[in-house]
Structures are given as C-alpha cells and as structure tokens.
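Chain nomenclature is as follows: A, B and C, assigned in order of appearance, with residue numbering initiated at 1 for each chain independently.
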Amino acid sequence: MSDAPPQAAPAAEDWTAPELLSPTERMAAEALIVDVDGFEGPLDLLLTLSRTQKVDLRRISVLQLAEQYLGFVERARTLRIELAADYLVMAAWLAYLKSRLLLPPEPGEEGPSAEDLAAHLAFQLERLQAMREAAARLMARDRLGRDFFARGLPEGVSLHRKVSYDATLLDLMRAYARIRTKDEFRPFVMDREHVFTMEQALERMRGLIGYAGDWADLTTFLPEGWDATPMARRSSTAAHFAAVLELAKRGQLVLRQGETFAPIQIRRVPS
Amino acid sequence: MTDTDEERTLFEAPPIAEQERMVEAILFASTEPVTVADLVQRMPHGADPAEALVYLRKRYEGRGVNVVKVGDAWAFRTAPDLGFLMRRETVETRKLSRAAIETLAIVAYHQPVTRAEIEEIRGVAVSRGTIDQLMEMEWIRLGRRRMTPGRPVTFVVTETFLDHFGLESARDLPGIKELRAAGLLDSRPGPSFGASRDGAEEDEATSGQSELFED
Amino acid sequence: MTDTDEERTLFEAPPIAEQERMVEAILFASTEPVTVADLVQRMPHGADPAEALVYLRKRYEGRGVNVVKVGDAWAFRTAPDLGFLMRRETVETRKLSRAAIETLAIVAYHQPVTRAEIEEIRGVAVSRGTIDQLMEMEWIRLGRRRMTPGRPVTFVVTETFLDHFGLESARDLPGIKELRAAGLLDSRPGPSFGASRDGAEEDEATSGQSELFED
C-alpha cells in the first residue's frame, strides 16, 4: 500500500523512456492509461509517474515529470481515451509550468517564479506520499476487535430513579390553615345587580345622540332609576362617560367641561 | 495460519504464567462464560487451562473483579461488594401533592388521628396511596388503635417528620390564631379564591396555596 | 438526597487499595473507556481515581489484559500479543476504500482540517460518502469552525478512533513527529496556482484555498 496503488504499480515501473518501449512495456503503458479510473486524480497519477524517476521525491525533476505527464495525456489522446477534465487542467498547467521552466523569466514578471511553482508541486507530491505511508502504518497498527479486545461481557450500569418528596413547614402550616378556615370562605360572586356596563351605555347613547343638537348635561342622559343608590349612580355615570368618550373618538359628538368637577356637556356633531 | 498448528506441536506448551495470561484474556474478551473444553481448544497445544485457571482465580481473589464459575464455564464478574458502583441513582425531588400535605398537616395537628377523622376534617376521602406515601417517607406511622367500636388504627407523626420540619415536638406547631397573626392566613376571601380553590387536588396545589395567602 | 452528601464528608475516603478495586470493577464492567470525571462521580466522595489508576495500571502491566489510556478515558483491553487467541471474537469490520483510509489519515495527522484542505492534499475532491462513512463509524467528528472567511467546518478524530487504533492521543500517531519536523504537516499554501490548477474542484476549492492561506 505504501508503494503504489495496486492497479497501477506494475505499469508505473516501466514508464520511463517511452520511445524505447518493448511490446510488453507498451502494453503495460497502455494498461496505465486504460486504468486511469484507478487513479485518484491527477496528483495521484503524478505521484505514480514520479516513481519512475527512482529518486527521492525531494530531488525529483519536475520538468521531467511534466514531460512524462504530457506524454501520458498525448498517448491517451492517440488511444482515443477520454480523460476527465481535471487531468486535462493539470496537463495545461504542467505545459505552462514546463514553458516557464525552459524559458528565461521575462523582465518585470510578477507572481511566483517557475521554481517556486515546481517546488510546491514537489512538496504536494511528497506530502501525498507521506500521507499514504502514514495511512498504511495506521492501518497496520494493532486494532480493537482484531488484535486486542474490549470486555466481551460488559456489566451495564443499572439506573435507579429515586423520587424524593419535599415540603416545608410553611407548606404544612398553610395547608392546615386552608383546611381549618375553609368554612369561613364563600365563593366570591361578582355583584352584577348594580353595574351598568359601557357596552350598555354605548348602545343607549347611540339612540340618544340625535337629541343632543345643543349642549346638554351628560347627567340628563342617565337611565331612569340609576341614581337611586350611590353605587348605581357611579356605575351608570362612569359607563356613560366612557361611552361618550368613545363616540367623541368616532367623531359623532363633542364634549366639554367648564372646569374641574363642573358638569360634562355633550353635543352632536352635525353631519 | 494452518501451519502454526503444525508449528505448535513442535514446541513445548507455553509456561504456566503465560497460559494464565491467555486464560485471562480469553475470559475477558468472551461474550459468554467459557468452558475448560473451550479453553483447551483455543489455547496452544499442550496447554493446561484448568491449572492456569486455578492460578488466575487465586490472583483475582479479593480484587475488584473475580473469576467465577457459571455452570461449568468461567467468567469475570464484579466483586459482589462493589455492586453499588454498578448502580447509578438519580434522585428527583418533587413537591408533595396537596392531598398529601393536607393529610400530613392534619396528622401533625390532631395526632393520634384516624383515617375517618382525617376525611372528616378535609371534607374529602383520603386515598390509600396518600397514606402509603407518607408512611413510606417515614413522616407518619401507625399509632395506637383507638378504643372505640371497630378499634380503628390511628396515625401519628414520626421523629423523621420532626427532624425534617425542624420541630421539637408536634405541639410546637403554631395554632390557627398564631398563623393568622403571622400573616400566614388571611380569613377574608379574595376574589380569586372561588375560582382557584376547588380547582384540583393535583399538582397545582402548591401554586394555588401561594396565591391564596399572598394578598 | 442532599444530606447523604453531608454524611459522606463525615467519612474518610476509602483506602487507596479499596479505590483501586473500585476502579478495577468499573473499568472491567465497561466496554467503553471511562473518563476520570465519570469515575469520580461513581466512586465514594473523596476518592482519587487518578491515583488509583496509577496503581492499577502498574498491576496489570504484562498481564493478559492491560489498563490503557484512550484520550481522557481509561479501559481494559486484552494484550495485543494475545490477539491470535481471540480470532473467534473478531468483528468483521467493513473494508474501507482507499479514499476513506487516506482521508482518515489526513484528518488524524492534520486535525483540525477542513474539507478543502483534505482535497488540497489528495489533489482530488472528497466525496460526500467518504466523510459520511468515517463519521458514521465514529472515527471522525466535526471540530470547531475555522475562523476564516466562510467559517468552514473542520474535522478531527474521535476517542473511538484512538480506542480502535490503540492510541493514547493523536500525538502518538506513528511517525507524526518526523512528519512535522519535515514540514509535511504544515498547510503550506501553493504559490497562487490554485486558480489555474484545479478547475475540477471548482468553487469549493477556490473558496477553500483562501482559508488555507490564512493560517
């Protein structure tokens, strides 16, 4: 695993000097192309090709590698094998890199030098190779469930839920007080006998507005019998006052008051 | 791996200490207790797992796990005295139900008191569960039987109860007058009372109580 | 119960030998590694499982089962040299694809690592399924988001991963020191050839590379 992708490895060994290929070597070279699906992208292919230089990746000739790659793509074309787009993009980039490496730099050229680009490609290959080897070493380690084992008969932790009830002395005393005094209580019922609601007043006033052509005291509009007790008078006055405020808001009447506590007067807004 | 079988016969059985390690590992990893026959089959040729087991068993004597015999097979098991470590207890605190706290209050104020008397004071039946719960919590216990027809049992509060509520004796509980003086009790009904009071005996009891006394 | 906590402080912690037994029992009982925090919670008040673990670990040195550290947790595992006895217990693990194995190694050695960085290293897009498979196996999980434009998610290896490969921590990965010394774990930005190089990786790669440059 650390050496090469299994499908490509034998072919890759024979990938030097394409012009001098023997028939078996040629078949192997073609197998490499046909096996292009076996590669995990252009970088993987480059790594495989780089192995044919039989040098440390740090001393690899990127120029030579670029030529190998371009030769590979060329041969694929003659064999009418469609290469995936990323292989072609890499080919274009390597062609560019090759020309940059061969030609003297143009004066005033910006950006990274061809050497920088080549060095980074070499770094990428070295890093990929290093990760391959690391992966192989990792997978070769003693592994749980294969080389060493966990307890086969685990004794689970049983969960016991315990509920504890709580109460304070105050809770206790209040509870007792509640029981002992409940006879003194009676359900509270709202006393509705002497209540005149605003809805009632509004309903009434709608019918009475017509009679308020001139300023008139609000008190004259109170319903009959609702001044008998103070509570009834308060309730009906409040309800009617609220009702005329509502009508004033709707622009149906205006109201005025001479001074504080003076009688409130209302008048219809002529339509 | 077939040739290892051949190889094995060429060698002596591993030393007993090594066999002990093997038995230890096998017992540990197996998903069920392992018989000696099974061990023989799994261990190198010439091994004597029965003997190794004797040593292994001795080694784990008094440890946190022991080698135990299950039927005619062997397994590791947690030492019985450490069983408590294998239980995880979660404690959940809940408020007592209104029925329970009222019943408890009546027992505290009126002890010794019969169930019929509790029901008379509360004005509703007392469920068996409520009494049981209070007994289980050790806040009430059975007192003497009442010397009346039917000789009904009575209930009294316990030391645990006094402890929990910080009382020297049940007689220290404040009376109605004191409760009222302390502002714990407002005899004037609030308007919300009618609505909330008969609501339910259930969980809302506690929130109901606070409403009741907070005006 | 709240008062048991008080009670506990009234007693001394059990002697260290007893604590060692307790740790032994708890670790033995569990298939999964147990953290010290978990041990503290399960053992009597005042116990010092970290110290007990030192003794326990020593006791099991060279035995058929060993005490191993996995991240922040501890477990008993059979000695690796006895694996051959356990073939029967072997769980057939799914065979990982080459892409998955490489991706796993990259996450382990470069963690926390973004998907774009994995792609940069492998020179090829990482398929959704590869990441999913490793996540499903609980060998990798999401780490913190990278504080760079786009706030990309990162991947890190899990305790399950460490447990599976018998590693105390990611620092113990084979050869990691040498790789770091050689600069092969640096995320070294390419000299701006990202745009021209991998058209196939498209947006993801280009946006990814800007992250790469920033750390």
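One rule holds for everything that comes next: contacts are C-beta pairs under 8 Å (C-beta built on N, C-alpha and C of every residue); 3 or more make two chains touch, one makes a residue touch a chain.
Bear in mind the structure is a predicted one, so any value in this text is a computation, not a measurement.
Undergrad: Of the other chains, whose C-alpha centre is the longest way from the centre of subunit B?
TA: Chain centre farthest from subunit B's centre: A.
Undergrad: Please identify the chain lying most centrally, where each chain is represented by the average of its Cα atoms.
TA: Centroid comparison flags C as closest.
Undergrad: Compute the distance, rounded to whole Å, between the mean C-alpha positions of subunit B and subunit C.
TA: About 37 Å, centre to centre.
Undergrad: If you average the CA atoms of subunit A and of subunit C, how far apart do the two points sit, in angstrom?
TA: 26
Undergrad: With chain centres taken as the means of their Cα atoms, state the distance from subunit A to subunit B in Å.
TA: For subunit A versus subunit B, the centre distance works out to 44 Å.
Undergrad: By the touch rule stated above, which residues of subunit A touch at least two different other chains?
TA: As it turns out, subunit A has residues touching two or more other chains at 149-152, 155-157, 164.
Undergrad: Of all the residues in subunit B, which ones touch at least 2 other chains?
TA: Correct list: 25, 28-31, 76, 78, 86, 88, 91.
Undergrad: Along subunit C, where are the residues that touch subunit A in the complex?
TA: 1, 28-32, 42, 75-80, 82-83, 86, 89-91, 93, 98-99, 101-102, 104-106, 108-109, 121-125, 163-167, 173-176, 179, 182, 184, 188, 190-193, 196-201
Undergrad: Residues of subunit B touching subunit C in their complex?
TA: Within the complex, subunit B touches subunit C at residues 4, 20-26, 28-31, 42-43, 62-65, 76, 78-79, 82, 85-86, 88, 91.
Undergrad: Going by the contact rule set out above, which residues of subunit A touch subunit C in the complex?
TA: Checking each residue of subunit A against subunit C gives 5, 40-44, 46, 84-86, 89-90, 92-93, 96, 111-112, 116-117, 120, 123-124, 126-128, 130-135, 137-139, 141-152, 154-157, 164.
Undergrad: Going by the contact rule set out above, which residues of subunit A touch subunit B in the complex?
TA: 149-153, 155-182, 184-190
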